[in-house]
Amino acid sequence: MITPASVASTIRVRLFASYAERLGGELIEVPAEGIRTVADLLERLRALPNGAVVGPATLVAVNLRHSPPGTAVRAGDEVAVMPPLAGG
Amino acid sequence: MITPASVASTIRVRLFASYAERLGGELIEVPAEGIRTVADLLERLRALPNGAVVGPATLVAVNLRHSPPGTAVRAGDEVAVMPPLAGG
Amino acid sequence: MSFLTRLPIQLDGLIAEVAGPDRGGIASFLGTVRDHHQGRAVRGLEYTAYEPMAEETCREILLEAAARWPVQVTLRHRLGELAIGDVAVAVVAAGGHRDEAFAACRYVIEELKGRVPVWKRETFVDGTVEWVNASQQAIGSGQSAMGETLE
Amino acid sequence: MSFLTRLPIQLDGLIAEVAGPDRGGIASFLGTVRDHHQGRAVRGLEYTAYEPMAEETCREILLEAAARWPVQVTLRHRLGELAIGDVAVAVVAAGGHRDEAFAACRYVIEELKGRVPVWKRETFVDGTVEWVNASQQAIGSGQSAMGETLE
(Lines give C-alpha, C1' and ligand atoms only; values in the text may rest on other atoms or scores of the structure.)
Protein backbone atom coordinates (compact mmCIF):
# COMPACT_ATOMS: atom_id res chain seq x y z
CA MET A 1 0.00 0.00 0.00
CA ILE A 2 1.12 3.53 -0.73
CA THR A 3 1.49 5.66 2.37
CA PRO A 4 -0.23 8.98 1.72
CA ALA A 5 2.19 10.97 3.86
CA SER A 6 5.30 9.78 2.01
CA VAL A 7 4.67 9.24 -1.70
CA ALA A 8 1.25 10.63 -2.48
CA SER A 9 1.82 14.00 -0.88
CA THR A 10 4.52 15.09 -3.35
CA ILE A 11 4.52 15.72 -7.10
CA ARG A 12 7.88 15.14 -8.75
CA VAL A 13 8.39 17.67 -11.53
CA ARG A 14 11.00 17.38 -14.24
CA LEU A 15 12.40 20.69 -15.46
CA PHE A 16 14.43 21.41 -18.58
CA ALA A 17 16.80 23.94 -20.08
CA SER A 18 16.36 27.44 -18.59
CA TYR A 19 13.73 26.18 -16.12
CA ALA A 20 16.13 23.63 -14.61
CA GLU A 21 18.81 26.31 -14.31
CA ARG A 22 16.56 28.86 -12.65
CA LEU A 23 14.25 26.78 -10.47
CA GLY A 24 16.75 24.56 -8.72
CA GLY A 25 17.51 21.50 -10.83
CA GLU A 26 16.19 18.94 -13.27
CA LEU A 27 13.91 17.27 -10.74
CA ILE A 28 12.07 19.08 -7.97
CA GLU A 29 9.39 17.97 -5.54
CA VAL A 30 6.28 20.07 -5.02
CA PRO A 31 3.77 19.43 -2.20
CA ALA A 32 0.68 17.93 -3.81
CA GLU A 33 -1.81 19.65 -1.53
CA GLY A 34 -4.01 22.06 -3.46
CA ILE A 35 -2.74 20.92 -6.88
CA ARG A 36 -5.37 19.20 -9.01
CA THR A 37 -4.54 20.40 -12.52
CA VAL A 38 -1.68 21.54 -14.70
CA ALA A 39 -2.81 25.13 -14.14
CA ASP A 40 -2.55 24.68 -10.36
CA LEU A 41 0.97 23.31 -10.70
CA LEU A 42 2.10 26.19 -12.90
CA GLU A 43 0.71 28.68 -10.39
CA ARG A 44 2.71 26.98 -7.65
CA LEU A 45 5.91 27.02 -9.71
CA ARG A 46 5.49 30.72 -10.52
CA ALA A 47 5.42 31.46 -6.80
CA LEU A 48 8.91 29.96 -6.36
CA PRO A 49 12.08 32.10 -6.37
CA ASN A 50 12.81 32.88 -10.06
CA GLY A 51 9.31 31.56 -10.83
CA ALA A 52 8.82 34.35 -13.37
CA VAL A 53 10.87 32.23 -15.79
CA VAL A 54 7.78 30.02 -16.20
CA GLY A 55 6.30 32.19 -18.91
CA PRO A 56 3.06 32.05 -20.86
CA ALA A 57 4.53 29.75 -23.53
CA THR A 58 5.38 27.02 -21.03
CA LEU A 59 4.51 23.45 -22.07
CA VAL A 60 3.49 20.71 -19.68
CA ALA A 61 3.56 16.98 -20.32
CA VAL A 62 1.82 14.55 -18.00
CA ASN A 63 3.03 10.98 -18.48
CA LEU A 64 4.83 11.95 -21.72
CA ARG A 65 1.79 13.63 -23.36
CA HIS A 66 1.46 17.37 -24.00
CA SER A 67 -1.27 18.38 -21.55
CA PRO A 68 -3.38 21.56 -21.51
CA PRO A 69 -3.95 23.56 -18.29
CA GLY A 70 -7.12 21.70 -17.33
CA THR A 71 -5.42 18.28 -17.32
CA ALA A 72 -5.56 16.46 -13.98
CA VAL A 73 -2.28 16.00 -12.09
CA ARG A 74 -1.87 13.36 -9.38
CA ALA A 75 1.02 12.44 -7.14
CA GLY A 76 2.88 9.64 -8.93
CA ASP A 77 2.37 11.10 -12.40
CA GLU A 78 5.48 11.90 -14.43
CA VAL A 79 5.07 15.63 -14.89
CA ALA A 80 7.42 17.69 -17.07
CA VAL A 81 7.38 21.47 -17.21
CA MET A 82 9.11 22.73 -20.31
CA PRO A 83 10.14 26.01 -21.90
CA PRO A 84 9.19 26.56 -25.57
CA LEU A 85 10.73 23.86 -27.76
CA ALA A 86 13.81 24.65 -29.81
CA GLY A 87 14.72 21.45 -31.60
CA GLY A 88 15.66 20.89 -35.22
CA MET B 1 35.10 30.72 -98.41
CA ILE B 2 32.60 27.95 -97.87
CA THR B 3 31.90 25.96 -101.00
CA PRO B 4 28.10 25.61 -101.38
CA ALA B 5 28.32 22.20 -103.01
CA SER B 6 30.38 20.61 -100.21
CA VAL B 7 29.48 22.04 -96.77
CA ALA B 8 26.41 24.17 -97.23
CA SER B 9 24.36 21.57 -99.07
CA THR B 10 24.11 19.15 -96.14
CA ILE B 11 22.52 19.33 -92.70
CA ARG B 12 24.18 17.16 -90.08
CA VAL B 13 21.57 15.74 -87.73
CA ARG B 14 22.33 14.17 -84.37
CA LEU B 15 20.00 11.36 -83.35
CA PHE B 16 19.53 9.77 -79.94
CA ALA B 17 18.23 6.64 -78.23
CA SER B 18 15.58 4.84 -80.32
CA TYR B 19 16.01 7.31 -83.21
CA ALA B 20 19.72 6.54 -83.55
CA GLU B 21 18.98 2.84 -83.50
CA ARG B 22 16.23 2.99 -86.10
CA LEU B 23 17.39 5.73 -88.50
CA GLY B 24 20.97 4.67 -89.11
CA GLY B 25 23.23 6.05 -86.40
CA GLU B 26 23.94 8.91 -84.07
CA LEU B 27 24.90 11.33 -86.83
CA ILE B 28 23.29 11.42 -90.27
CA GLU B 29 23.56 13.84 -93.16
CA VAL B 30 20.46 15.17 -94.87
CA PRO B 31 20.54 17.17 -98.14
CA ALA B 32 19.72 20.76 -97.23
CA GLU B 33 17.74 21.50 -100.35
CA GLY B 34 14.11 22.24 -99.55
CA ILE B 35 14.69 22.35 -95.77
CA ARG B 36 14.17 25.76 -94.25
CA THR B 37 12.59 24.94 -90.87
CA VAL B 38 12.47 22.28 -88.17
CA ALA B 39 9.12 21.15 -89.60
CA ASP B 40 10.71 20.61 -93.05
CA LEU B 41 13.51 18.56 -91.50
CA LEU B 42 11.08 16.35 -89.55
CA GLU B 43 9.08 15.73 -92.71
CA ARG B 44 12.26 14.61 -94.49
CA LEU B 45 13.24 12.28 -91.61
CA ARG B 46 9.78 10.71 -91.55
CA ALA B 47 10.22 9.79 -95.23
CA LEU B 48 13.33 7.69 -94.39
CA PRO B 49 13.16 3.92 -93.86
CA ASN B 50 11.82 3.45 -90.27
CA GLY B 51 10.93 7.17 -90.34
CA ALA B 52 7.67 6.38 -88.52
CA VAL B 53 9.71 6.25 -85.31
CA VAL B 54 9.85 10.07 -85.44
CA GLY B 55 6.56 10.47 -83.62
CA PRO B 56 4.48 13.51 -82.65
CA ALA B 57 6.35 13.98 -79.35
CA THR B 58 9.72 14.44 -81.06
CA LEU B 59 11.88 17.27 -79.75
CA VAL B 60 14.30 19.27 -81.87
CA ALA B 61 17.19 21.38 -80.67
CA VAL B 62 18.97 23.81 -82.96
CA ASN B 63 22.33 24.88 -81.58
CA LEU B 64 21.53 23.34 -78.17
CA ARG B 65 18.17 25.14 -77.75
CA HIS B 66 14.78 23.45 -77.81
CA SER B 67 13.27 24.74 -81.05
CA PRO B 68 9.63 24.72 -82.21
CA PRO B 69 8.62 23.58 -85.71
CA GLY B 70 8.85 27.06 -87.23
CA THR B 71 12.48 27.56 -86.23
CA ALA B 72 14.85 28.17 -89.15
CA VAL B 73 17.42 25.47 -89.92
CA ARG B 74 20.55 26.21 -91.93
CA ALA B 75 23.39 24.02 -93.09
CA GLY B 76 26.11 24.34 -90.44
CA ASP B 77 23.64 24.45 -87.53
CA GLU B 78 23.97 21.77 -84.88
CA VAL B 79 20.60 20.08 -85.17
CA ALA B 80 19.48 17.35 -82.76
CA VAL B 81 16.33 15.29 -83.22
CA MET B 82 15.29 13.64 -79.99
CA PRO B 83 12.66 11.22 -78.71
CA PRO B 84 10.71 12.24 -75.57
CA LEU B 85 13.07 12.79 -72.65
CA ALA B 86 13.39 10.14 -69.96
CA GLY B 87 15.96 11.44 -67.52
CA GLY B 88 15.90 11.54 -63.74
CA MET C 1 15.37 2.22 -32.38
CA SER C 2 16.72 5.44 -30.88
CA PHE C 3 16.03 8.69 -32.71
CA LEU C 4 18.25 10.77 -30.43
CA THR C 5 22.00 10.41 -30.74
CA ARG C 6 25.12 11.94 -29.25
CA LEU C 7 27.21 10.81 -32.23
CA PRO C 8 27.56 12.60 -35.60
CA ILE C 9 24.57 11.89 -37.86
CA GLN C 10 25.47 9.86 -40.96
CA LEU C 11 23.01 10.58 -43.78
CA ASP C 12 24.13 7.55 -45.82
CA GLY C 13 23.15 5.24 -42.99
CA LEU C 14 19.68 6.78 -42.75
CA ILE C 15 19.19 6.49 -46.49
CA ALA C 16 20.14 2.81 -46.32
CA GLU C 17 17.47 2.34 -43.62
CA VAL C 18 14.63 3.52 -45.86
CA ALA C 19 15.82 2.76 -49.41
CA GLY C 20 14.41 -0.20 -51.30
CA PRO C 21 14.15 -1.56 -54.85
CA ASP C 22 10.54 -0.33 -55.20
CA ARG C 23 11.26 3.13 -53.72
CA GLY C 24 12.82 5.24 -56.45
CA GLY C 25 12.39 8.67 -54.82
CA ILE C 26 14.32 9.62 -51.68
CA ALA C 27 13.88 13.09 -50.16
CA SER C 28 16.11 14.22 -47.31
CA PHE C 29 16.41 17.20 -45.03
CA LEU C 30 19.42 18.15 -42.93
CA GLY C 31 19.37 20.94 -40.38
CA THR C 32 22.89 22.18 -39.63
CA VAL C 33 24.28 24.58 -37.03
CA ARG C 34 24.42 28.12 -38.37
CA ASP C 35 27.09 30.63 -37.47
CA HIS C 36 24.62 33.30 -36.41
CA HIS C 37 21.31 33.63 -34.58
CA GLN C 38 19.21 36.78 -34.72
CA GLY C 39 22.18 38.77 -35.93
CA ARG C 40 24.67 37.51 -33.32
CA ALA C 41 27.75 35.41 -34.12
CA VAL C 42 27.45 31.87 -32.73
CA ARG C 43 30.41 29.74 -31.67
CA GLY C 44 28.55 26.49 -30.99
CA LEU C 45 25.56 25.03 -29.24
CA GLU C 46 24.27 22.27 -27.06
CA TYR C 47 21.04 20.30 -27.45
CA THR C 48 19.23 18.72 -24.55
CA ALA C 49 15.97 16.75 -24.57
CA TYR C 50 13.28 15.25 -22.42
CA GLU C 51 14.50 11.97 -23.77
CA PRO C 52 11.70 9.44 -23.18
CA MET C 53 9.06 11.85 -24.46
CA ALA C 54 11.24 12.94 -27.40
CA GLU C 55 11.81 9.33 -28.47
CA GLU C 56 8.10 8.56 -28.19
CA THR C 57 7.10 11.71 -30.10
CA CYS C 58 9.56 10.96 -32.92
CA ARG C 59 8.12 7.47 -33.19
CA GLU C 60 4.57 8.86 -33.36
CA ILE C 61 5.46 11.41 -36.04
CA LEU C 62 7.11 8.75 -38.21
CA LEU C 63 4.07 6.47 -37.84
CA GLU C 64 1.80 9.36 -38.84
CA ALA C 65 3.87 10.01 -41.97
CA ALA C 66 3.92 6.33 -42.93
CA ALA C 67 0.14 6.14 -42.45
CA ARG C 68 -0.48 9.20 -44.60
CA TRP C 69 1.90 8.44 -47.50
CA PRO C 70 3.27 5.18 -48.94
CA VAL C 71 6.79 5.80 -47.68
CA GLN C 72 9.53 4.52 -45.45
CA VAL C 73 10.75 7.39 -43.31
CA THR C 74 13.29 7.89 -40.52
CA LEU C 75 14.95 10.67 -38.55
CA ARG C 76 17.74 11.47 -36.10
CA HIS C 77 18.20 14.38 -33.74
CA ARG C 78 21.62 15.07 -32.29
CA LEU C 79 22.09 15.86 -28.58
CA GLY C 80 25.08 17.31 -26.76
CA GLU C 81 27.61 19.85 -27.98
CA LEU C 82 27.70 20.76 -31.68
CA ALA C 83 29.97 23.00 -33.72
CA ILE C 84 29.08 25.26 -36.65
CA GLY C 85 28.11 23.15 -39.66
CA ASP C 86 27.36 19.99 -37.67
CA VAL C 87 24.15 18.20 -38.59
CA ALA C 88 21.61 18.73 -35.79
CA VAL C 89 18.69 16.91 -37.38
CA ALA C 90 18.14 14.63 -40.38
CA VAL C 91 14.94 13.32 -41.97
CA VAL C 92 14.85 10.86 -44.89
CA ALA C 93 11.71 9.65 -46.71
CA ALA C 94 11.72 7.08 -49.51
CA GLY C 95 8.74 6.32 -51.72
CA GLY C 96 7.82 5.02 -55.12
CA HIS C 97 7.45 8.57 -56.40
CA ARG C 98 8.95 11.92 -55.48
CA ASP C 99 5.67 13.63 -54.53
CA GLU C 100 5.14 11.42 -51.50
CA ALA C 101 8.82 11.41 -50.57
CA PHE C 102 8.94 15.22 -50.47
CA ALA C 103 5.59 15.51 -48.67
CA ALA C 104 6.49 13.01 -45.97
CA CYS C 105 9.95 14.51 -45.44
CA ARG C 106 8.46 17.98 -45.04
CA TYR C 107 5.75 16.74 -42.70
CA VAL C 108 8.25 15.06 -40.39
CA ILE C 109 10.59 18.04 -40.05
CA GLU C 110 7.68 20.43 -39.38
CA GLU C 111 6.11 18.17 -36.76
CA LEU C 112 9.48 17.48 -35.17
CA LYS C 113 10.13 21.18 -34.70
CA GLY C 114 6.66 21.72 -33.26
CA ARG C 115 6.32 18.71 -31.00
CA VAL C 116 9.58 17.04 -29.99
CA PRO C 117 10.86 18.27 -26.59
CA VAL C 118 14.38 19.39 -27.43
CA TRP C 119 16.12 22.59 -26.36
CA LYS C 120 19.13 24.43 -27.63
CA ARG C 121 21.66 26.50 -25.69
CA GLU C 122 23.78 28.75 -27.85
CA THR C 123 27.26 29.96 -27.02
CA PHE C 124 27.92 33.24 -28.78
CA VAL C 125 31.30 34.43 -29.97
CA ASP C 126 31.11 37.22 -27.35
CA GLY C 127 31.09 34.54 -24.63
CA THR C 128 27.46 34.76 -23.56
CA VAL C 129 25.39 31.59 -23.31
CA GLU C 130 21.62 31.55 -23.88
CA TRP C 131 18.80 29.08 -24.10
CA VAL C 132 17.00 29.70 -27.40
CA ASN C 133 13.41 30.96 -26.95
CA ALA C 134 13.88 31.60 -23.21
CA SER C 135 14.39 35.32 -23.65
CA GLN C 136 11.44 35.75 -26.03
CA GLN C 137 9.16 34.26 -23.43
CA ALA C 138 10.47 36.47 -20.61
CA ILE C 139 9.97 39.63 -22.69
CA GLY C 140 6.36 39.06 -23.65
CA SER C 141 3.51 39.15 -21.19
CA GLY C 142 0.63 36.96 -22.17
CA GLN C 143 1.99 36.74 -25.71
CA SER C 144 2.97 33.32 -27.03
CA ALA C 145 6.53 32.91 -28.19
CA MET C 146 5.59 30.16 -30.63
CA GLY C 147 2.63 28.58 -32.35
CA GLU C 148 2.74 25.25 -30.53
CA THR C 149 2.08 26.61 -27.04
CA LEU C 150 -0.66 25.23 -24.88
CA GLU C 151 -1.69 28.20 -22.78
CA MET D 1 31.76 21.72 -63.61
CA SER D 2 30.23 18.63 -65.15
CA PHE D 3 26.72 17.63 -64.13
CA LEU D 4 26.80 14.33 -65.99
CA THR D 5 28.88 11.51 -64.59
CA ARG D 6 29.65 7.87 -65.36
CA LEU D 7 30.79 7.25 -61.78
CA PRO D 8 28.56 6.49 -58.77
CA ILE D 9 26.98 9.65 -57.35
CA GLN D 10 28.22 10.53 -53.84
CA LEU D 11 25.60 12.55 -51.98
CA ASP D 12 28.04 13.63 -49.27
CA GLY D 13 30.24 15.29 -51.87
CA LEU D 14 27.29 17.22 -53.30
CA ILE D 15 26.22 18.34 -49.83
CA ALA D 16 29.76 19.60 -49.18
CA GLU D 17 29.55 21.63 -52.43
CA VAL D 18 26.52 23.62 -51.28
CA ALA D 19 26.76 23.62 -47.47
CA GLY D 20 27.95 26.71 -45.63
CA PRO D 21 27.94 28.24 -42.14
CA ASP D 22 25.01 30.54 -43.00
CA ARG D 23 22.96 27.80 -44.70
CA GLY D 24 21.26 25.75 -42.00
CA GLY D 25 18.72 23.96 -44.20
CA ILE D 26 19.76 21.36 -46.78
CA ALA D 27 17.14 19.56 -48.87
CA SER D 28 18.14 16.66 -51.12
CA PHE D 29 16.50 14.41 -53.64
CA LEU D 30 17.84 11.10 -54.94
CA GLY D 31 16.26 9.22 -57.80
CA THR D 32 17.22 5.54 -57.73
CA VAL D 33 16.70 2.71 -60.19
CA ARG D 34 13.51 0.82 -59.41
CA ASP D 35 13.07 -2.91 -59.89
CA HIS D 36 9.93 -2.52 -62.01
CA HIS D 37 8.52 -0.26 -64.72
CA GLN D 38 4.85 -0.29 -65.66
CA GLY D 39 4.38 -3.65 -63.97
CA ARG D 40 7.39 -5.38 -65.58
CA ALA D 41 10.43 -6.58 -63.64
CA VAL D 42 13.57 -4.59 -64.49
CA ARG D 43 17.10 -5.99 -64.35
CA GLY D 44 19.00 -2.77 -65.01
CA LEU D 45 19.17 0.24 -67.27
CA GLU D 46 21.38 2.51 -69.27
CA TYR D 47 21.25 6.30 -69.49
CA THR D 48 22.45 8.23 -72.49
CA ALA D 49 22.42 11.99 -73.10
CA TYR D 50 22.86 14.70 -75.66
CA GLU D 51 25.78 15.72 -73.52
CA PRO D 52 26.61 19.33 -74.47
CA MET D 53 22.94 20.33 -74.37
CA ALA D 54 22.32 18.38 -71.16
CA GLU D 55 25.24 20.10 -69.42
CA GLU D 56 24.08 23.50 -70.61
CA THR D 57 20.47 22.86 -69.57
CA CYS D 58 21.54 21.68 -66.10
CA ARG D 59 23.59 24.84 -65.69
CA GLU D 60 20.60 26.99 -66.73
CA ILE D 61 18.21 25.25 -64.34
CA LEU D 62 20.61 25.72 -61.42
CA LEU D 63 21.04 29.40 -62.26
CA GLU D 64 17.25 29.79 -62.39
CA ALA D 65 16.88 28.21 -58.94
CA ALA D 66 19.65 30.38 -57.46
CA ALA D 67 18.03 33.49 -58.94
CA ARG D 68 14.62 32.61 -57.54
CA TRP D 69 15.61 31.51 -54.01
CA PRO D 70 18.57 32.45 -51.76
CA VAL D 71 20.20 29.03 -52.08
CA GLN D 72 23.25 27.18 -53.25
CA VAL D 73 22.15 24.26 -55.38
CA THR D 74 23.79 21.50 -57.37
CA LEU D 75 22.91 18.29 -59.20
CA ARG D 76 24.36 15.21 -60.85
CA HIS D 77 22.88 12.83 -63.43
CA ARG D 78 24.44 9.45 -63.95
CA LEU D 79 25.10 8.07 -67.45
CA GLY D 80 25.94 4.54 -68.58
CA GLU D 81 24.79 1.25 -67.10
CA LEU D 82 23.07 1.22 -63.71
CA ALA D 83 21.80 -1.57 -61.48
CA ILE D 84 18.68 -1.67 -59.29
CA GLY D 85 19.07 0.74 -56.38
CA ASP D 86 21.82 2.82 -57.98
CA VAL D 87 21.41 6.58 -57.74
CA ALA D 88 20.48 7.95 -61.19
CA VAL D 89 20.04 11.59 -60.23
CA ALA D 90 20.78 13.74 -57.19
CA VAL D 91 19.79 17.33 -56.37
CA VAL D 92 20.93 19.21 -53.26
CA ALA D 93 19.82 22.72 -52.23
CA ALA D 94 21.13 24.57 -49.17
CA GLY D 95 19.63 27.76 -47.80
CA GLY D 96 19.26 29.76 -44.63
CA HIS D 97 15.82 28.27 -44.06
CA ARG D 98 14.11 25.04 -45.01
CA ASP D 99 11.32 26.63 -47.09
CA GLU D 100 13.71 27.83 -49.76
CA ALA D 101 15.83 24.68 -49.63
CA PHE D 102 12.82 22.44 -50.28
CA ALA D 103 11.38 24.76 -52.96
CA ALA D 104 14.65 25.00 -54.89
CA CYS D 105 15.32 21.25 -54.66
CA ARG D 106 11.85 20.47 -55.97
CA TYR D 107 12.14 23.03 -58.77
CA VAL D 108 15.42 21.59 -60.00
CA ILE D 109 14.27 17.96 -60.13
CA GLU D 110 11.04 18.90 -61.94
CA GLU D 111 12.83 21.05 -64.50
CA LEU D 112 15.54 18.45 -64.97
CA LYS D 113 12.97 15.79 -65.81
CA GLY D 114 11.20 18.11 -68.23
CA ARG D 115 14.12 19.73 -70.01
CA VAL D 116 17.42 17.86 -69.81
CA PRO D 117 18.02 15.62 -72.86
CA VAL D 118 18.63 12.25 -71.25
CA TRP D 119 17.20 8.87 -72.28
CA LYS D 120 16.86 5.59 -70.50
CA ARG D 121 17.02 2.08 -71.95
CA GLU D 122 15.64 -0.57 -69.66
CA THR D 123 16.64 -4.22 -69.67
CA PHE D 124 13.81 -6.33 -68.33
CA VAL D 125 14.22 -9.58 -66.44
CA ASP D 126 12.59 -11.36 -69.41
CA GLY D 127 15.53 -10.25 -71.57
CA THR D 128 13.81 -7.56 -73.63
CA VAL D 129 15.41 -4.15 -73.96
CA GLU D 130 13.38 -0.98 -74.47
CA TRP D 131 13.92 2.76 -74.65
CA VAL D 132 11.57 4.38 -72.14
CA ASN D 133 8.86 6.53 -73.78
CA ALA D 134 9.66 5.26 -77.26
CA SER D 135 6.75 2.82 -77.33
CA GLN D 136 4.23 5.33 -75.99
CA GLN D 137 5.05 7.60 -78.86
CA ALA D 138 4.73 4.91 -81.51
CA ILE D 139 1.32 3.83 -80.22
CA GLY D 140 -0.30 7.26 -80.26
CA SER D 141 -1.07 9.20 -83.41
CA GLY D 142 -0.99 12.92 -82.92
CA GLN D 143 -1.16 12.39 -79.18
CA SER D 144 1.73 13.70 -77.10
CA ALA D 145 3.51 11.18 -74.90
CA MET D 146 4.56 13.88 -72.43
CA GLY D 147 3.85 17.44 -71.39
CA GLU D 148 7.12 18.95 -72.57
CA THR D 149 6.67 18.21 -76.26
CA LEU D 150 7.04 20.88 -78.87
CA GLU D 151 4.71 19.72 -81.58
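Letters A, B, C and D name the chains as they come in the text, with residue numbers starting at 1 for each one.
What we mean here is this: a residue touches a chain if its C-beta (ideal position, glycine included) is under 8 Å from a C-beta of that chain, and two chains touch if they have at least 3 such contacts.
Bear in mind that the values here come from a model prediction, so they are computed numbers and not experimental data.
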Leftover contact groups, counting everything except subunit C: A | B, D
item: Centroid-based (C-alpha) most distant chain relative to subunit D; value: A
item: Approximate Å spacing (C-alpha centroids) for the pair subunit B, subunit C; value: 52
item: CA centroid of subunit A to CA centroid of subunit C, Å; value: 25
item: Length of the line joining the C-alpha centres of subunit A and subunit B, rounded to whole Å; value: 76
item: Subunit A: positions in contact with at least two other chains; value: none
item: Per-residue overlap in subunit C, given as positions that touch at least 2 other chains; value: 31, 109
item: Pairs of chains, among all present, that meet the touch criterion; value: A-C, B-D, C-D
item: Of all residues in subunit C, those that touch subunit D in their complex; value: 11-12, 15, 19, 21-36, 84-85, 96, 98, 101-102, 105-106, 109
item: Subunit D-touching residues of subunit B, taken from the complex the two chains share; value: 14, 16-18, 21, 39, 42, 52-53, 55-61, 64, 66-69, 80, 82-88
item: Residues of subunit D that touch subunit B when the two form their complex; value: 31, 47-50, 52-54, 56, 77, 88-89, 109, 112-121, 131-134, 136-138, 140-146, 148-151
